[in-house]
Each structure stands twice: as C-alpha cells, then as structure tokens.
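Heads up, the next two complexes both have chain A, just with different partners, chain B and then chain C.
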Partner chain A sequence: MRIRILNLAFKNLRRKFVRTLVLSLSVAVVTGSLLGATVFITGMKNALKIGTYRLGADILVVPEKYEAQAKSALLAGEPTSFYMDRSVYDRIKKMEGVKRASPQLFIEPTSFTCCYNVKTFLIAFDPDTDFTIAPWLEKHLKRRLTGNEIITGREMPVITGDTLPFYGTPFHVVGTLEPTGMKFFDQSVFMTMDAAYRMAADSRTKAVQPINIPRDKISAVLVQVTEDMTPDRMAIRIEHDIDGVKAIASDQVISAVRRQLGGLIKGIFVISSVLWVLALLLMSFAFYMIVNERQRELGLLRSMGATRGHVFKLIIGEAVITSLSGGVVGLVAGSALLLSFQGLIVHSLKLPYLLPPAGMLGGLVAAAVAFSIITGLISSVLPALIASRMEPYEAIRKGE
Partner chain B sequence: MALMVAVVFVVTGTLGVAAAASKAIVLKMETNGKEKPKFDGVAYIAGHGGHLAILDLRTMKSPTDPEKDRIVLTEAGSEMEGVIAGMDFEKVKKAGGTHGQALVTENGKKYLIAGTLNGDVYKVDLATDKKVAGPIKVGEKFCGAILGPDGNIYFEDMADGDVYIFDPVKLKPVDKMPIGKAVCGIQWTHNAKKAYITDMPTGSVFVYDWATKKRIKTITSPHMTFIHQARMTPDGRYLWVSAPNEYDPGLKPGTHRSQVIVIDTKKDAIAERLILPNNIRPHDFAFTPDGKYALLSSRTYGNDSEVNVVNIKKNAIVETVSVCNSCHQPNGVEVRIDKGSPLLCGITVDWHPGK
Partner chain C sequence: MIEVRNLVKTYRIAGQSMRAVDDATFTIQDGEMVSIIGHSGSGKTTLLSLIGGLTRPDSGEVKIDGVNIWSLGDRELSGLRNTKISFVYQFSSLLPTLTALENILLPTAFGHVRQDAADFGMIYLEKLGLTDKRDSYPSELSGGQQRRVAIARAFVNNPRIILADEPTGDLDEETEQDVIQCFKDMNKDTGVTFIIVTHNKEVASRMGRQLRMANGILAENS
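Up next, the complex of A and B:
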C-alpha cells in the first residue's frame, strides 16, 4: 500500500482538530496584524507620494500665523480661509532660486451650501501660472477652465455636468480629478481665481452669508525651485526676505508625517516580532510534544518502510499546512478588519491614505503567505529532525 | 609622500593637502614666570552647561559669582543650581548647552548672538547681560557663531553639516549652505575672497571661493584628526585651527597630540603646528587686537576648563585662568554631565568694553 505523506499529514491534523485550530489561529493573528499594518502604512506613503506629485510644489507660502491651518488643509483637507497681500506673490516670483510660482485662494464654503456630508474646500488657482491643476486639464479637458466651470475631487458626490452653488453663484462641474488619498484634492473644488473673486463680489447680493475677498488678496503661493536650489534653503530665503510669511517646504511636511509613521512602524514591528516569537515558540513546543506522543506511530511507519526523509517531511508538512492555513485566515481577517476600520483610523490620524496599487498589494499578500510558510518551517525543523532520527524499534517501545 | 597622500585619501575620502612636513613647535609653559598680562576686554565663553562664563581680562580673575560672572541662556546643565542628579549628555544636548557667540553692535549697543547645542539662537544685551530674544529655532546643533563680512552671523551645525546664515537685526535665518559632516568654525580672509570652514570628524579645513561659494581646496593633515574652531590672526596672514584631537578617524580614541594648526592663508598650506600639553585641549581662540597674544578657551577634560594666554612671539603659555571650577567648587556644584568635566566652547571678547 502506498501512503502519500501529504494525505497522512492532513489526516493527522484533522484528527487533532482543536490543537490544529489553536496553532493556526496563532499564526493567523501574527500574519493578519502584520499584513493589515503593512498595507495601511504603505497606503499612507502611497497617498503622500501621489498627493505631493499632484501638488507639484516644493514650497507652500502662507501667512505666518496660519502655518498650522495650512498644514492641516494640506494633509487632512481641513477647509480654511486666510488671506495675504498679492505683493507676496509678486516678490516671490522674482526671487533667485524660484523656477515657478503660482498664487492660490483657499475658501471655506458656508456649511449649508454644498455637499451633503463632505467637508468641501474651495481652491482657486491662476490659470496663467498654475502647475497643480494645469497638467490634469491639459491631459483630460484639453482646454482651460472658463467662466464658472469647476473641477472636483474624487470624493465629492457629484459627476460631470452637475451644478453646485457656492455663495449664491452656480458652478458647473466639468471634470473630476483622479483619487490621490489627500483630502486636499479629493474633497476640494477647483475654480479659477477670477471666478472666485467674482463669486465673492456677487455674494454681497446673491448669498445668505456673503464673503469678502478683494482682488489684491491671495491665500498661498505655490513655489517650484530651480535645480541648483533645495526647497528648505529657498524656504529660509523667502521667510527672510518677506516679512509675515511662512514658507512650508513640502518635503518637510512629508518627512514630519514619515517621522510620525516611523514611530507607528516601530511600534507595530516590535509588537509583531513579539507575537511572532510567541507563535514560533508555541508551534515548536506543540510539534515537539506531537513528536513525543506519536513515537509509536512514527516507529510503526518506519518499520512499514517509511524512510527518515518521509518522517521528516510528514512533520514539516503538518507544520506548514497548519501555518499556511493560519496565514490565509490571517490574510482574510486582516484585510476585512482593515477595510472595515480604515476610514475611522484615517479620520482619527488626520493623515492621507490611498490603498496601494494592485501589484503592490499582490506583493504584500505573497510576502504574508511566504511569511506564514517560513513560520511553519522554522517551528518544526527541530522536532522533525528528532522524529526522523528515531530508530523504529526504540520508538515503538518508548511510545508504548 | 605618495604613501602619505594615499593615507589621507583613504582616511578622509578627499584628496587634500597633507602637510606632514610642517614645523612642530612645542609651546613652553611659563605660567609661573613674571609675565602676567592683562587686557582691556571682557571675555564671554560658552559651555555645555548652558551659560556663558564671564572673564574680566582687565583683572584676569577667575569667575566666582554665579550671579555676576555668567549669563544664563538655558538651564542645560544647571551646574550652578546644585548637584545634577542623573542628568546625561543627551538631555543636555536637548536642553541646549551654549557653544558659540558673536559680538554685534546695533545702534551703538553691544549684543551677543549666541547659538546652542540644540540649534537655537539667543540675543543677549551686554549692557544688562540679559537675554533679550530667543530661543529662535534655526538649526540642529550649533558649534560656532561667527560674525561674517556681510554683517550676518554664521552658525556652524555639527548635526547636519550645514552653515546657517542668520540676520542679527531681523533675527531670522537668511540662508544655509551644505558644507560637511559636522562643521564647527568659519573664517574669512580680510578681503573676504576666501572662507575657511572646519569639519570636525574629518579633520578637514575646506577653503571656499566666497564669491562663487565653491570649494577650491581641502586642507588635511595626519595631525588634524578631530578639529574644532578656527580663527584668523589680526593681520590675516594665518589661520589658527584648534586640533585637540580627542578622536582618531572613525571616532576612535585619539592618539595624536593636542595642538594648534597654523595655516598660511597665502599658500593655503600648514605653516606650523603648536604642540600643547595633553591637559590643554583648545576649542576656540581670541587674538588680542595687536596680535601679540592668543587666548585659548581650552578643556582639560578634568574638573575644569581654562583660558590659556599664549605669547605668540615667545611660543609660550604665560597665563592660565580657571573659568569653570573657580565658580563651581566654592558654590558646591558637581558636574555630572560629560563625565564630570565642564566643557568650554567658543570665546568672544568685547575689547575696550568701557564698563
């Protein structure tokens, strides 16, 4: 009779179902938490990368007192309004080391104008100098925005062709940006500065709650630096030469978030390592006990013609099946938990988040599966070696 | 020589100017001699403890009064507040020990612009010896604070290797220049065409064309394994570089003598080396306006740091004044940071203070 090692391993595991279940769950917890945390952190990094690429600016210059609001707007999409003199833009664009500069207006809409439960943020740009929205317009709309046309972020509950009123002025949606994970883009409405100034002027007669934005006011200046200049140096120069402004280098914002994430990653790594070591110890101990209690069975197998290799493979096989099944359960549970709670976590952390692309997700899942297999292998090597080295007669005698 | 150049290249990673053949002069100790010079000036000396020690050069009497003989910028080491229980160097660095200060005059009033070990900047009114501004966050970990030819203060950063340029009037940074690994001092030729910047762990003195801000030379020597500040002699002919050499390359324990490296600024090569006793590890210098004497702010790595007066012509140390222990000891202060050693840093002298 030919006995297949894998079948035998399955049968043995089924025979001790509760033990198998407990061991599998221990691997599931480690794999699930590790995968969930890795996907989440990768998602945040992904959003930062895409968001800053979309922003296209090395430096964001805002009024000095509004640094915190500007950072909060950039990272968490918190709507805000602040203004400074347009002369700031005029001075910045002439500075040595500045490649391109473009002004923007940030406007917080009234709470009752738009858009259901989404916190909308109005951002007005200068079509002549803009480098944030212009690349998208060139690619998708192939023309400039005119009149009261707007583009919306992906999370806005509107579609192209819709009309949205802001401060009494109806605006026509002509496009939707691709998702970035940064609410600054995903929950915003983009219009030209001309349209924004007109909307403000008309609000006096049209809106319940008017807004006053003189044409010589802007909220921010987005700056790109020349190749021979670094953003942090240029930020120092801008702050020195222009009183009352704060120049926020985008890589400083990103590195601040990365530092925050760094602490999170370290914590998760430590917890996961501890859990993994515990799971390893638990499985090693369990398989050592399994080998011990099954000495007679293994001795009989050997006496029936099974080689040392067969016994080794049997024990390793049982461990790998246990850890692999645990890994798969962990993958499913981890993914489910992440999908269920990611919104809540992102909201409480106030950080950008965008699910990594499919290729990267696939890689992470494969790595998690490999990790669970390795866990099984490591935990069972020693018990498997002990089992394979037992002499059949002695094993049967000891096992009686 | 080829071997020496190769060694320098391997050690520093740059092909610099090795000056192994420079003249070595062992400075004589003549502190017990007749020469007891006094000067019309007041020296302000930074230290890891977070305050500036005040040494009146008119009397050359060591500071003893914690109220009058120091300016407190931060409570970094708080040596003067009594025994420091368990305070380690890391905490001191975070709190910001003082490290260098430059003297500026504004509307006829004298101020010190000082940098600390946590990259903060303070402004001190010398009429009252009190802080009038700060902390202003500028860099990461400052060593020197040097008045530049443009009137700005140049802070050398030991953490990121950048030189931060600071406007002492607006109290804002103007710019920053990435230079080395852990820069400590900067000096200029009198015509401001060249600048010399010291990089501590590489033991290099970078020579910059100041108009283009391009590095034109790197001066290295086997005798400069760990260097600190640099100062130009009043005639502008020589640059003194402090090479206490506490460490060998790779921050291994130092095996070289403590010395001053004298660089000829015309040749940008080492002219001579002034060898010091091992208990005199200079960090910074101040020259008397006539160029006859140099005041060294030196660490002993024992229970004190000192100001040593060097008669340049005689190549002799003619006076040594205790600057730390003279005040710590009578006031019952025990230094627990830096292995129990009070470490002095930059020295700035207000010549002809008139008060």
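Up next, the complex of A and C:
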C-alpha cells in the first residue's frame, strides 16, 4: 500500500465536492459549446464541399426574377417551380467558354403526394447532357434511368423498389444517393426530363391538381466553364448575351454561405473566448484560494519530504483532474445537445449540414480533451508555482 | 550527530527587526533526548525549524552527520526531511482526507518507500492502541489519538532525528504521559535522537538534557 500524489489530488477534490463540481461545470460549458460549435461549423463546411462537388456546375442559370428561389432551392432544398424557354439552353451551350451545359426542371410536388415529414423537391435532368446525377448512375446503377424510374436523396423515407406517385403517375425508386448534407440532393427525387414532361401531360387526366409544363420549358441550365474561363466572367457574359436570365456562379453561393458562416464562427468564438477567459479566471481564483487555505497542509507535506515539484504536481494535478472531468462532461453534453437540436438549427439557419466523418470527429474530440487539460494547466500554473515556492515553516505558520 | 554553529534568524515585524534565534551554538549526539524550554515567543519553534530544514537561517550552520543541510538543494533537503528527520507538531497535522493508516503512510508518497510500510503502520497502530482506528478519519479520532497517529507517521521512514514542537501541548495529563513514554520507548528501541520543544517543565525534566531559550538566546540548563 502506497499513497500517491494523484490519490491525494483526488481525495482533496472530493473533500470540496461542490467547489470541484462548480469548477468542472465551468470548463464543461466552454468545452461543450466550443465542441458543439466546431462540429456544427465543420459539418456545414463538409456539406458545402460535398454538395458543390455533387452539383458539379460552375454556374446555375435561372429566370431573372427567380434568383432568390434558386439559391434557396440549392442551399436549403426549398421546393420551387419556375420556367423559361429551352432556347436559353440552346444558346448557352454554344457560347464560347462553356465546356458543358445541361438543362433541368424544378417541380414542386403537391403536398399530399409523398412523404409527410420531408419537403420533397422534384428535379428532372437530361440524361444525354447531365453531369450532376449521371456520374452517380454510371458508378452505382451502371445504366441510365428509363421510363418512370427515379432515384431519391438519402433523407427521403423510401427504399429501392418502392413506388411513389407524383401528379397521378407512379414512379419506381431504383436507387438512393449518398448523403451530401444539401437538401437540394438529400430531399429530392430525380427523374429524366422525358418522364417529367410525360407526368405533366398525364396529370390533366390523372391528377387532382394538374401541372402544366410544355416540352419547350426548362427551369435552369447547369454550366461548366472551360479551363481558361472563370465562372464569374462567364456569368457576366451569359447575363449580357441572354435577356431575362440570372447566372449564379456557384462560387458566389458558396462565398455567400461562407460569409454567413464566417459571421457565425466569429460570434461563436467571441462568446466561447469570453466564456473561456471567465472559466480561466474562475479556476485561477479558486486555485489561489485553495493554495491559500491549504498553506499549512502544503507546509506539512514539505516537512514530510515533499519537494517543490511534488507540491507543484499536486496543485496542477487537482486542476487538470477538475478541468478534464469538466471537459468530458462538456463533450458528452455538447454532443447530446448538438445531436438533439441539429435539425432545428439547420432548419432555422437554412444552411447545408452533414456530420463530419468519424476521423475528423475523433480529432475534434481529442482537441476538446486537450483543450480542457490546457485550461486546467493554464489556470493553475501560477497558484502551483506560488505553492511550491512557499517556505515550509512560513506555510505552516501562516496556515495556523 | 547534529552540530549547530552561530545560527541566526531575524524577522521583521512591524518594521522592526527581531532576532528569533541569536547566535545559537550547540551539539547533539546520536540517540540523545533533548528538550528546549522557554516561554512563548522565545524562538524555540524557529530554532527547531532551522534544525529541521524548514526555514533558512540568516547565517550559521546546521550540520547533520557532517553535512551542512543549508548547502543542499531543494531535492536533497526534501530527501533529508523524508528519510532522516521527522516532525511531530502540537496541532493536528493529519490530513483530513486520509484515514489513520493512510496518514501514517503519507511520507512514502515523497520518495522513500519501505516495502513493509503498511505492516509497519499496523504495528505502530497496535503499539499505540489504535488498531481498530486504521480506517478512521481524523475527524473521528480524539486529540490524543490524532497525536499518536502523527507519532506513528513520524516513524514510518525510520528517521534518525525526531523534532517535536510542543507534542503534548493540548493533551490531558494521562495522554501526555503516554506520549512521552512512547518517545522514551522508541528512543530506547531504535536509538533515534529526540529534540522536544516545550514550555512544560515536567516534560522537559524527563529528557536526558535540557536547553533553555529566552529572547532568541540559547543556553544549557544546568
């Protein structure tokens, strides 16, 4: 049987349980909020990266008056319907600087067609020119969509083999896309433009609420630019050459989101920094008090043979145990809160979000643990130095 | 052997300097039992702390086995306190978070670990009539029991010197006799040197040699 410094530290902390609890909780609040915020922001960046890669387009061309709806559809997956002449696509694909172009149809389904808890968005693409869904089809389905076949986003509550009716036409689910964090993909149903035009034509006889989409109408044109052209310049050129359209460079959308995220990050980090400084001050002050009220005990330890190093380790040990336990509580509480409320936050911010991959999450958790240890170290280093430098006799005398 | 030469310690109190220990010189042989008597504030406790390496003198030397302890660094001096010197105080010097047995074993946390420390602790608890108190916390022990645990702790690392500051100061007469008898027995059994600071003439008279201190000046009590 041997008494160890760490044993002593634990027992001292247990003796003043309420004080230890308050100090731990202060670190828990900072660690939890910082971890939650970091995971959330990383998740948004992750979704943005995956979503824009999946979109594959440098520019989205839509009718001039529908810029806001288009951005809202892209970022928040808000279902919308707007149309323009197919001639816009014909002109864009011939423009210098355009590498690839593909038309799409955006259709807002009637509310009672499918999936009560998900705002479904119908997107129709042209299999001959598409570069958004086609790469996935080639890789996973190894063939084109035919007839009334559809593929769905990951958040759609359906599985391969299900049948979904839209405007009176039954569609067969033949695949599900991997999650992207962007509702534009995750909550959408993808079909060929042919199928969409047929569905619209048939809706006159089959649907309660018919929809009218003539074959010469499209909603948007997705554009990839050549190497020597920038999306911004191409967007300006498209708007200059074609009346009544708005060319949205995906960079613009991303940088707008990044600006929005930047503000959010700044706000969160300012609040977290203030909380951290407060927690540091609270811990430092508490450990000054602890050292002060335990002068005699520390002097006694020195008289029994404790070196300055032993006393330093004891105080640092108590602080690190306090902050580490707070950090772990913060980690668990922060994760639980994030998981519980992420849907609500994402919904209110209207931004894409995808939980970062396991490796990155592990890194963030390790960083949070390290952060809590560092908090304990910083807050106690000065009190520990003071405690270790006290002359034993003075410490015993002053502690009387 | 303890050799003290021209030891001086001055404090500044309210802007005035006061010599707590004024040019103390004496030698104590191994195995001696020495008492230092004097009134409160005469400098007895300061002298004990200077001998025990707890406070640095302004000048002078304290040699233990020929080594001036104030020429040692923190680690060596702490090692000396851990292995050669032990203290017994008037106040309750037990840690409230540790049981009686853990308090006895506390010095082993700082370096010198004897393999039979736990057995040793139990033997002393038995010797001091505290076997059933091994798992009791200080708050569950009487003043006399606490003092006995502190005495057992002072012996855990087989020290050569015990420095006791008013070890019977707040004890009743019976417990006081027990404690002094315990010191005498241990001195006889192990040959450990005792220096006991006291203002109790009865306690002082039971030691082999008496030193008297007044206003920081030490003299042999004849």
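Keep this in mind: the second predicted complex is superposed on the first by the 398 of 400 C-alpha atoms of A that agree within 3 Å, B and C clash if a C-alpha of one lies under 4 Å from a C-alpha of the other, contacts with A are read in each partner's own complex, and residues count from 1 in each chain.
The definition used in the following text is that a contact is a pair of C-beta atoms (placed from the backbone, for glycine too) under 8 Å apart; a residue touches a chain by one contact, two chains touch by 3 or more.
Because the structure is a prediction, the values reported are computed rather than measured.
Trainee: Going by the touch definition up top, name the partner, chain B or chain C, that contacts more of chain A.
Mentor: Touched residues of chain A are more numerous for C.
Trainee: Counting only touches as set out at the top, which of chain B and chain C does A:232 meet: first, second, both, neither?
Mentor: After superposition on chain A, A:232 lies in contact with chain B alone.
Trainee: Taking the superposition as given, does A:300 touch the first partner, chain B, the second, chain C, both, or neither?
Mentor: Once the two structures are laid over each other on A, A:300 reaches chain C alone.
Trainee: With both complexes superposed on chain A, which partner does A:240 reach: first (chain B), second (chain C), both or neither?
Mentor: first
Trainee: Is A:160 touching the first partner chain B, the second partner chain C, both, or neither of them?
Mentor: Neither: A:160 stays clear of chain B and chain C.
Trainee: Please work out whether A:87 is in contact with chain B alone, chain C alone, both, or neither, and reply first, second, both or neither.
Mentor: Touch status of A:87: no partner.
Trainee: Need the overlap of the two footprints on chain A, from chain B and from chain C, as residue ranges.
Mentor: The overlap between the chain B and chain C interfaces on chain A is empty, containing no residue.
Trainee: Hey, which residues of chain B end up touching chain A in the complex?
Mentor: So the residues of chain B in touch with chain A come to 167, 170, 172-176, 178.
Trainee: Any idea which chain A residues touch chain B in the complex?
Mentor: Per the stated touch rule, the residues are 230, 232-233, 236-237, 239-240.
Trainee: Looking at the complex, which residues from chain A come into contact with chain C?
Mentor: 1-5, 7-8, 11-12, 14-15, 296-297, 299-310, 391-394, 396, 400
Trainee: Contact residues on chain C for chain A in the complex?
Mentor: Against chain A, chain C makes touches at 46, 49, 52, 54-56, 74-75, 78-79, 81-83, 86-87, 89, 91, 93, 95-98, 101-102, 105-113, 117-118, 153, 157.
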